[in-house]
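Chain nomenclature is as follows: A, B, C, D, E and F, assigned in order of appearance, with residue numbering initiated at 1 for each chain independently.
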Amino acid sequence: MKTNSDTFIGCEAAFTAADIVLFGAPFDSTTSFRPGTRFASRSIRGDSYGLEVYSPYQDKELTDYHICDAGDLELSFGRTDLALSDISETTRMILSHGKLPFMIGGEHLVTLGAFRAVAEKYPDVHVIQFDAHTDLRQEYLGAELSHATVIRRIWDVIGDGRIHSFGIRSGEKAEFEFARAHTHLYPFHLNRVEEVVQKLTGKPVYITLDLDVLDPAVFPGTGTPEAGGVDFMTLLSALLAVSKLQVVGADMTELSPQYDLSGASTATACKLVREWLLALSARQL
Amino acid sequence: MKTNSDTFIGCEAAFTAADIVLFGAPFDSTTSFRPGTRFASRSIRGDSYGLEVYSPYQDKELTDYHICDAGDLELSFGRTDLALSDISETTRMILSHGKLPFMIGGEHLVTLGAFRAVAEKYPDVHVIQFDAHTDLRQEYLGAELSHATVIRRIWDVIGDGRIHSFGIRSGEKAEFEFARAHTHLYPFHLNRVEEVVQKLTGKPVYITLDLDVLDPAVFPGTGTPEAGGVDFMTLLSALLAVSKLQVVGADMTELSPQYDLSGASTATACKLVREWLLALSARQL
Amino acid sequence: MKTNSDTFIGCEAAFTAADIVLFGAPFDSTTSFRPGTRFASRSIRGDSYGLEVYSPYQDKELTDYHICDAGDLELSFGRTDLALSDISETTRMILSHGKLPFMIGGEHLVTLGAFRAVAEKYPDVHVIQFDAHTDLRQEYLGAELSHATVIRRIWDVIGDGRIHSFGIRSGEKAEFEFARAHTHLYPFHLNRVEEVVQKLTGKPVYITLDLDVLDPAVFPGTGTPEAGGVDFMTLLSALLAVSKLQVVGADMTELSPQYDLSGASTATACKLVREWLLALSARQL
Amino acid sequence: MKTNSDTFIGCEAAFTAADIVLFGAPFDSTTSFRPGTRFASRSIRGDSYGLEVYSPYQDKELTDYHICDAGDLELSFGRTDLALSDISETTRMILSHGKLPFMIGGEHLVTLGAFRAVAEKYPDVHVIQFDAHTDLRQEYLGAELSHATVIRRIWDVIGDGRIHSFGIRSGEKAEFEFARAHTHLYPFHLNRVEEVVQKLTGKPVYITLDLDVLDPAVFPGTGTPEAGGVDFMTLLSALLAVSKLQVVGADMTELSPQYDLSGASTATACKLVREWLLALSARQL
Amino acid sequence: MKTNSDTFIGCEAAFTAADIVLFGAPFDSTTSFRPGTRFASRSIRGDSYGLEVYSPYQDKELTDYHICDAGDLELSFGRTDLALSDISETTRMILSHGKLPFMIGGEHLVTLGAFRAVAEKYPDVHVIQFDAHTDLRQEYLGAELSHATVIRRIWDVIGDGRIHSFGIRSGEKAEFEFARAHTHLYPFHLNRVEEVVQKLTGKPVYITLDLDVLDPAVFPGTGTPEAGGVDFMTLLSALLAVSKLQVVGADMTELSPQYDLSGASTATACKLVREWLLALSARQL
Amino acid sequence: MKTNSDTFIGCEAAFTAADIVLFGAPFDSTTSFRPGTRFASRSIRGDSYGLEVYSPYQDKELTDYHICDAGDLELSFGRTDLALSDISETTRMILSHGKLPFMIGGEHLVTLGAFRAVAEKYPDVHVIQFDAHTDLRQEYLGAELSHATVIRRIWDVIGDGRIHSFGIRSGEKAEFEFARAHTHLYPFHLNRVEEVVQKLTGKPVYITLDLDVLDPAVFPGTGTPEAGGVDFMTLLSALLAVSKLQVVGADMTELSPQYDLSGASTATACKLVREWLLALSARQL
């Protein structure tokens, strides 16, 4: 009889043995347009069994590395502050054991919880953001903690010149102005990822992937689909490139599986998780 | 050219001329299982044009009464406290003009916002609840303001013996025990509605309708479908019965239109809105 | 190798050998709210293979009778008048061979095409209507030929006292007034079917079944779901009862299969087709 | 951090401590019309968290009993014989430890695997079947092992007079004749369940619930929806009644969650699992 | 309280103050394959609030221009001639006030209504068509007014050499022959748009965008998806290019939102509306 | 009245007159992840009427050739061996009349049935595979006959160096090792198709197209979507190229229409069928 444990395929290491600890942060309470990212981590685990553990792109197998899928946090849907502090606490605990936290959202705001813990340990951390949206508002619908403000809140922590944003193609005019003044903005494309990788070599880096950086053709399963995005192979190459850096935290957010009944968005997210985990694992050995 | 104003069919009175003011409270931020009630009010307005303004059940027409559809509140998805106070403020304003507030949720928690304003004006108000769930938890996932606690929060305001709950068929053991000790609980059925109407005659009453009191066969478009509910004609009769009381506030919550792609749940909600508005209007003339 | 002919299960008699001729009228060009009934006949044929040819209700088998499924008409979507005259012509041809026409819509307006041919042959025909809506408007959105006017157009042909309507629960006030003045209206229920069967014994009868007479719980797959309808067994009993009359034409309209992704509405329509064909066949032997 | 074990709510007893062992048999390889029951057990586990552990119907809580959710079998989709023998082996193992096997299908054929093991231990076992279909074919599409033959295969094991079938409303003529000759057939309704319970008191009984016995209004999420079924409360009462017998094995089959996007069918199946487990647990104490 | 007016985001100018007047023509009565474009304008308005008013592509904001969203026409579904003359009348009225008509379909036939009014005022107008289909049939299913004949009917008005068609990849052989003889046909690609812009400089141009010119990967939400189309950025560039011409009328047709449950097609249409309105507005200042 | 025969558009030649015989093999009994390819052939036939018979890519019309759509096989869902031998028998019969078999699956395993018959007649046949997956397992879940083993079973028949695989991007490590040792593997792309066409000129070739070689953006309607595939025009070019060879059998598998509710995947499959049939027909004349 199969065990009824439910992990991402090939991520069955015990916590103590793991180099990377994957966990889910199923929270979408501030999503204003179309909710549903709360279902992402469960959906990714289940559909990961449509994948193989082997990557023909990297010629590596997940089962050759030590990755623990620690399950999902149980987060409050009524209190954003509590949800974020629970995420911070878990991330802090993972970091304190010398392991790499790899979080699956949830809406993009969950990044703030993980990032705060990472920034405590690595105060000189840089952030690489793959995203369709700037997420740089000062507040949104009266809330300072929102999916639409998450990168602004990260900027509150680390300040100018430490955020590197790729693929951005949506935001308010003021957000774009803020981005140009205070961050490194590479809109529309991922063309200059390699150049940034050169600059950041040797520095601690947190990578946050909002999956809506992908074109909606490739990834319709997200709350706010934004035409004009990148394709799968472009994103995969970029992820492999940045994973050669000294990555100290990583997350993938904004899959809303129920908006893509074909399952293709979830399958694409699964494949990105596998490839990214392999790239990060290879780096760490 | 048709105007692009968007109201519930037949509810085009100006605010100042209206006896009843309908408004939407599109908020589902604390919904823990499956969100989506935020889409209810917009969906109900649009699909109301599949209805007639005439009710063959009551032989009355909406256009013979004065009802204003005042549109939707724009509520914060990150801050539950703000959302509730915005709802209270609107309700208070409607009441201050001597009009009846009729709110369309949204998750059941929005009832708390409206009820608080009603209870300020009518401190001796009773509550009639049609619902599948007790909603009597003290807290849920760390939050005291939650769809699962809303009736408990109302009890905090008005205390023992003033809440009359029909159709309840789900909850924790402790909630049922609390219900039996502190409220009037009529589980599973609506059989005793008429009896309660007798008792409450002459008293101010707030009516809150969580649409999941209906059987999922009739109403699958809700976040937490709960088998064993009542059918449409039973609920309609009960609504007509309680509308003969001195109703000082009313709401209908928990339609999640996207879970019923057939549109039947939204159509059923529309028909209940029409019938209920007619019954409340007739009472007021 | 199975033939790629596509008929309703058990209806494979040649036209010349048949007592009943089933045909599809996939037209929904005047449907104002939600179109899709054009897909009904194809969907019913395909899903009929989820049924058996045997009815345990009547203890009869379709294959013991002679029924020809003659396929679908190809109707103009731009010209309502052409579509109706094509339907009339086909019906006339079937009648001229002494066979019973059994049409599957399409929107309810297709009934007019079939009925006109029937009324030519049987000028004293009565109509039994099972429906949620009166369909008695004089015109609708500027058109006199519309799903919302079909029964009024039939009244134009046969006049007062010859239309018997069951299950009606929606319409404009003026339509209900017209119905009470000029037709036999039995709203909300099918309780008095047997009584009407008594009265119409020996007279030619055309039966038109708008499937939205069923409750949306049972039959969500229709363009304008209207709560408060009848259940399957009630409708089945009524159909069996009226089929004992001298039926000279019959139709079933308003299945929109795509609004019920579960397939249950189509399956229910298939079962009604089987039962009705058996009842009509038995009568003829 | 929540464990990432994935069990039905409240069924977290260790195997050794359990009185009842729930397991999934995700197999639908012989389903000829519309597949998908393979997804049922996973779907039921996930959505069970929309329920409470407490039943207001029985005033009992799942957590007061000892139930182990042992997860899903991994069954071959290419070889029906292997799949069935794997199910038999697991059932035999559970029985050998003195525990009650409670299987969640899968298509109805999985019942044969479990039943064969039960009949080895209890050769005088009776079978109570709740179902829309007779499932009594000798073979189907060339296969003797099929969802459409499962009760015939059980009859092969136990012979005449030991099968008691309720709610049946579909099948070939020959199947109905076989049923009347060799089994106890109570078609269309569950009215005579209590009478059969009287007769079977003191005898070992295997109960197989094909969820399509429910009306499609209540339970559209199944491969072959069949109009005219029973409602939820009727089935619940029947299940509680038969659970007072000496039940030696039980299963629930034919949920296809993807055909009911509203989730209501899965929610209904979850509620039946909870109620049935409580009734069977109470009996055993 | 938000007003319940329902406009495209940022298009709230009064009619008198507007330079561009957007209106919806929700009509799909001649659609023969899969209807649903009637739902497009309402869907675009609602989902436009998932966009920003700011375009990072053009560095402009909608709120800096004067655009009136005048709502939807109420068109007859039974009489194509009436529907078209209603569209013509509205377009004529907009033109008579010196404003630019910008119509959102509906099926492609609605273009004929708007174009007729435009051609009255600008008899020397050219037409630029972005489309997957030629739409050049003389008649279709007996109707001369059909989505499949619309460009032929436009040719009836303006004759040879005035229609410039891009992206075409589907049609009958005779339609392609007609296109090569009487129009400028640039099949499969948009490569030669710039060349045509050169040629038409200074001439009045009507632009009609059938969204199925996009690849179904990018835009599955349409009645007749046709593989091998262009991507979003290619279409956006082409729209910006042609908007530099003297545009005297514009429309966008053939979104059927319900065929793309992910919402990505509607979101893409919204983004094209925003970008196109900005390009047309900038030109007019 | 239209006949109710149901063929792919323009494929109405009688068997005896045909050069190509199209047939469906609706079987998906070994599909382990998400079933549904059984619905493909019926869906392709129905939606083919959204296409024209004319190809602007090849400037040819289906109706100028002789193609028979012979309908669907009725295959056993319980016995894989029977299903495959039925497919072999049909293919053998088609070949014995000197016609080209063109099969529409079903899951990829159906290829084995057709291929076995082809290899009997053409023992030196080569295989060209377009696919996302290697399908080279020795066994899968205990079954040697499985969608995951089909190319391995073909290798069993024809041995080393005769299988040419394009677009592969998923499989176990051992499968890729096997592929490199025993077959010609051209992973990820179709770049080297022309080169292989050169090599195989004059040799009999069987072409098997697993539609999941397409990117999920283009073709989400498949059981196991695998990101990183090719686009439509690339596949079309490759199909036209290989069709110039001496093709002795061809199939297209793995459309699961129900996973792409937009219908775009089915439409794309239809277009590929049309183009492929035209290319194969032109070759034969």
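Here, a contact is a pair of C-beta atoms (placed from the backbone, for glycine too) under 8 Å apart; a residue touches a chain by one contact, two chains touch by 3 or more.
Treat the numbers as computed from the prediction; the structure is a model and nothing was measured.
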By mean C-alpha position, what chain is farthest away from chain A? C
Angular offset of chain C relative to chain D [C-alpha, multiple of 5 degrees]: 120
Express in whole angstrom the distance between the two chain centres, defined as the mean CA positions of chain B and chain C. 38
Distance between the centres, which are taken as Cα means, of chain E and chain D, whole angstrom: 55
Chain E: which residues touch two or more other chains? 74, 215, 217, 260-261
Which category does the touching pattern between chains fall into here: line, ring, star, complete, or other? other
All chain pairs that touch each other: A-B, A-D, A-E, A-F, B-C, B-D, B-E, C-D, C-E, C-F, D-F, E-F
Going by the contact rule set out above, which residues of chain E touch chain F in the complex? 33-34, 168-173, 176, 187-188, 215-217, 220-221, 224-228, 259-261
In the complex, the residues of chain D that touch chain F are 28-32, 35-36, 38, 74-80, 82, 140-146
For chain A, which residues are in contact with chain F within the complex? 49-54, 56-57, 61, 215, 217-218, 231-233, 236, 260-264, 267-268, 271-272
Which residues, counting only chain B, touch chain E once they are in their complex? 1-7, 23, 42, 45-46, 69-74, 90, 261
